[in-house]
Amino acid sequence: MMPDAAPLTVTDIAARIADGASIALPPDYSGCAMTVVAALIRRHARNLQLIGVPSLGLQADWLVGAGCVAILESAALTLGEPGMPPRAIAAVKAGDIEMRDATCPAIHAGLQAAEKGIPFMPLRGILGSDLLKVRPDWQVIDNPLSTMRDPIVIIPAIRPDVALFHARHADRNGNVWIGVRRELMLMAHAARETYVTVEDIVDTDFLRDEDRAGSTIPALYISGIAKAARGGDPVGLAGAYPADHTVLADYVRAAQTQAGFDDWMAARVLETVPA
Amino acid sequence: MMPDAAPLTVTDIAARIADGASIALPPDYSGCAMTVVAALIRRHARNLQLIGVPSLGLQADWLVGAGCVAILESAALTLGEPGMPPRAIAAVKAGDIEMRDATCPAIHAGLQAAEKGIPFMPLRGILGSDLLKVRPDWQVIDNPLSTMRDPIVIIPAIRPDVALFHARHADRNGNVWIGVRRELMLMAHAARETYVTVEDIVDTDFLRDEDRAGSTIPALYISGIAKAARGGDPVGLAGAYPADHTVLADYVRAAQTQAGFDDWMAARVLETVPA
Amino acid sequence: MRPAAALSTPEIMIGTIAPMLAGLRHVAVGASSPIPGSAALLARALSGGRLRVSLLGSEQHNPFTDGGRELFDCAAQGRVDAFFLSGGQIDGAGNINLVSLGDYKSPKVRFPGNFGSSYLYHLIPRVILFREEHSPRTLVSKVDFVSAAGSSPEGEFRPGGPHALVTGLCAFAYDRRRGAFQLASVHPGVSPADVRAATGFDYSTPTDVPVTAALPADELALLRTRVAAEIAETYPAFAKAQWGV
Amino acid sequence: MRPAAALSTPEIMIGTIAPMLAGLRHVAVGASSPIPGSAALLARALSGGRLRVSLLGSEQHNPFTDGGRELFDCAAQGRVDAFFLSGGQIDGAGNINLVSLGDYKSPKVRFPGNFGSSYLYHLIPRVILFREEHSPRTLVSKVDFVSAAGSSPEGEFRPGGPHALVTGLCAFAYDRRRGAFQLASVHPGVSPADVRAATGFDYSTPTDVPVTAALPADELALLRTRVAAEIAETYPAFAKAQWGV
């Protein structure tokens, strides 16, 4: 982010994420920018490719249900205790969207390859899995450093157009504190652009705070920040507020059908005033 | 580290580092366990392989001068402002030790490969460098994912026997806080054993401290900790105390000859009482 | 608390799994794993703190500080001794399916997905499979989709793999050389014939099949008090249903 | 402070480098680089804060939080626009030598080593070479050891490379297509013939060689006050020698 750049609104962020963009998203427990997801639905975003780092939950279900998604890449589709995300599962079963099944460490490895600017990352395991049949982009090579046969999978770099997440704090210089949620830093390093919503913007400099500097994504990697208090509702924000299991259970019941989803979203999400 | 394991002494740590061990060491500005280096010299360690992450300075010079070293692998040999490490440079010129020249990102990539349990890491750049002539273990392959010719260097995993460094704080559970010095975490992940000296052991749990947890190496990776106040002298410890440039300049003058080195070390380092 | 005599099926499974973790240094527990999580915490309590337990989703039992990748890297470093996997289907070769039933492109049933199974099954020395529902529907002769393969061809890098399969009826041991299961014990009140009838895959049965050893009374008490309280942090609904905490 | 008329050689070099950084977003400065560091901080001051400067060894100008590897990853991500390299030897093809003189196995002179040069030279679009000593000893026809190659064969991945070479006598521009230098300007009081006599490699010379533009008075004042104070954090000895701060 440019030093001294003004904060954005969540509507600004949704406007800057283009139709067709690939978007890296955290799992429900790691900081989801739910207000931007809602704003993407409001602006009728289309053909998005969502990449779960490493799994997808409510964000994907909302975007799939609203018709914004062409492709899901993820190691899992799950809402945790409330069960499976109904619209995403229905769309995958119906073949309405393309599902690129993965496995958690392969998503991390692909992002690490993008972070390092290398075309691929070798990864152990996976051999013998049917993943290799359904992921033709994952290839098997013979380890060039071994004198014996040693097949190993290589995972191509995953360079998302956008990384999008919600965090507790940004500082006045646009640095974002993420605590132990370091997959968010990996996403920001790997993606071309990174947009973040935060609970608050603190008048300090995390990079000069020796306790927090090591858990901070420098503004260098941040394309824009919007303030969104309770921006993780209803999946919650670790360390700040929990998931609202009543709302989630209610959503899962409603979203078993497309009509139920449409009604629930209209009443509970889209009619609220955007920031 | 085993939960509730008792702290070691620096002499204990030196005893646990075997002759012939490969040891990953930080550069002079990132936390050097100088007291353990002195203890290794006292116990007449031999045939050590020192790996600079990514460069080596005073630690290497002391150990080389004392005859403890067989191999140096490093992107550079430097004491920073005071100049080049005289005994290490003399030994390399004389061919008394094996020098494995590297480049900083290759050391990091090799450690990351060990961290990920993969046999190698691809890395851009380096092509055309004479490093490829003097590092036959670095190979060039054709990127298997490219349809066009695309040579790329692959760096074999670097899995040190030991990572050794000095840090500000450990907690009562053996977790080690490292601030922004995250190469120390990479070293600990990559190495088989990790020994750490610290300024102090704090009666708290960094993993439960949300500001510090993200900058903490969990005890899981730590084989042993010894308390060593001012354990970074004379190269200093970032955030705690600076390098002692007077001592370093005096050392560089003395160590221009082996005899000068021997006298200086005997008087200034080895005759002090070990912890 | 129900009387010690009346063990629930999850308690029997916990009591079957916990001894498999004795003497280990570090056990990790993944998502949706309250039974293995309880077994790991019980083994930890019995180890006098020597066993380290990493429980995904727990704040109290999470030693990781390097993001989502760390568990996987840690496993590849050889620092995780045991892990637990389940499956929508598990077959007699130890293959597990976490993806879908029927044709992959137009599945009859869709499961959440592979998570880390495709990788961790290869890297962690002692992977314990668990599935409370023991039926021909879950234990099949051949999975519809191989999320992770039970065994690997000779010479392939494979430090990890299945160690046992624990169900609501019995425990199987996995023979890596043959790539197949052998019945190891039947839970109280279950006969080897019951197991055979409920199992969709072939396996070997020794002449004498022991009954699964019951948890000693003191360990059961530990499970129902300290371990119940510990697992409740991560699996409150499970802890409440099992032990009313 | 010396009078504005009497620029030191480092000041002339700083004034030559700073304009090469105008309009960029992020410039990184490596070890032992007080002249480029000063030039980068001057360019930053002139940019109104739009230029981000990462200065190795500085606490104030260090935006990195992911350890020693981050600068290199950041460069590979295309987020570093310019960097600076020097060399014990620099040759006419833009190759640099940071390792040794003479035979590699038994060197006559040993330098510190490659640092990150072998990599960053390939990744960062605008690498500016600098070496105050301009002599046939430092600027040679062929380096004894190629730490990093000036150019790469057609088709090799090479987003980065040399942009210019700034010495105590002059500035050369680098022509990537030809893999060779061209004299761009001579510092005040230096003739093209002086440069030719002091240079061990071949290069092209245009008909008219301009004199290196002097820093405008206001920029020079900025250098000697604000920038001098800023660079003193990382290079106190240099700042003291140059500007007495």
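Structural remarks
Every chain is named by a letter (A, B, C and D) in the order it is written, and numbering of its residues begins at 1.
Just so it is clear, a residue touches a chain if its C-beta (ideal position, glycine included) is under 8 Å from a C-beta of that chain, and two chains touch if they have at least 3 such contacts.
Owing to the predicted nature of the structure, the values given are computational and were not obtained by experimental measurement.
More inter-chain C-beta contacts link the pair A-C than the other of A-C and B-C.
The distance from the centre of subunit B to the centre of subunit D, with each centre set as the mean of the Cα atoms, comes to 29 Å. Measuring from the averaged C-alpha position of subunit B to that of subunit C gives a distance of 40 Å.
If you average the CA atoms of subunit C and of subunit D, the two centres end up 59 Å from each other.
In subunit C, the residues that reach two or more other chains under the touch definition are 64-66, 72-73, 76, 123.
Shown for subunit A are the residues that touch two or more other chains, namely 109, 112, 116-118, 123-124, 150, 152, 180-182, 185, 213-215. The touch graph of these protein chains has some other shape, matching none of line, ring, star or complete.
Contact annotation for chain pairs lists A-B, A-C, A-D, B-C, B-D, with touch applied as defined. Partner subunit A is touched in their complex by these residues of subunit D: 26, 49-50, 52, 62-66, 72-79, 123.
Those residues of subunit B that touch subunit D in the shared complex are 27, 29-30, 53-55, 74-78, 80-81, 84, 89, 92-93, 95, 101-106, 108-109, 112, 123-131, 134, 148-152, 180-186. Chain contact summary for the complex, subunit B toward subunit A: residues 109, 112, 116-124, 139, 141, 143-146, 150, 152, 154, 156, 178-182, 210-215, 239. Chain contact summary for the complex, subunit D toward subunit B: residues 31, 57, 64-69, 72-73, 76, 98-99, 104-107, 110, 112-123, 145-149, 151-152, 155-157, 237.
Across the complex, subunit B meets subunit C through its residues 2-4, 114-118, 185, 189-190, 207, 213-221.
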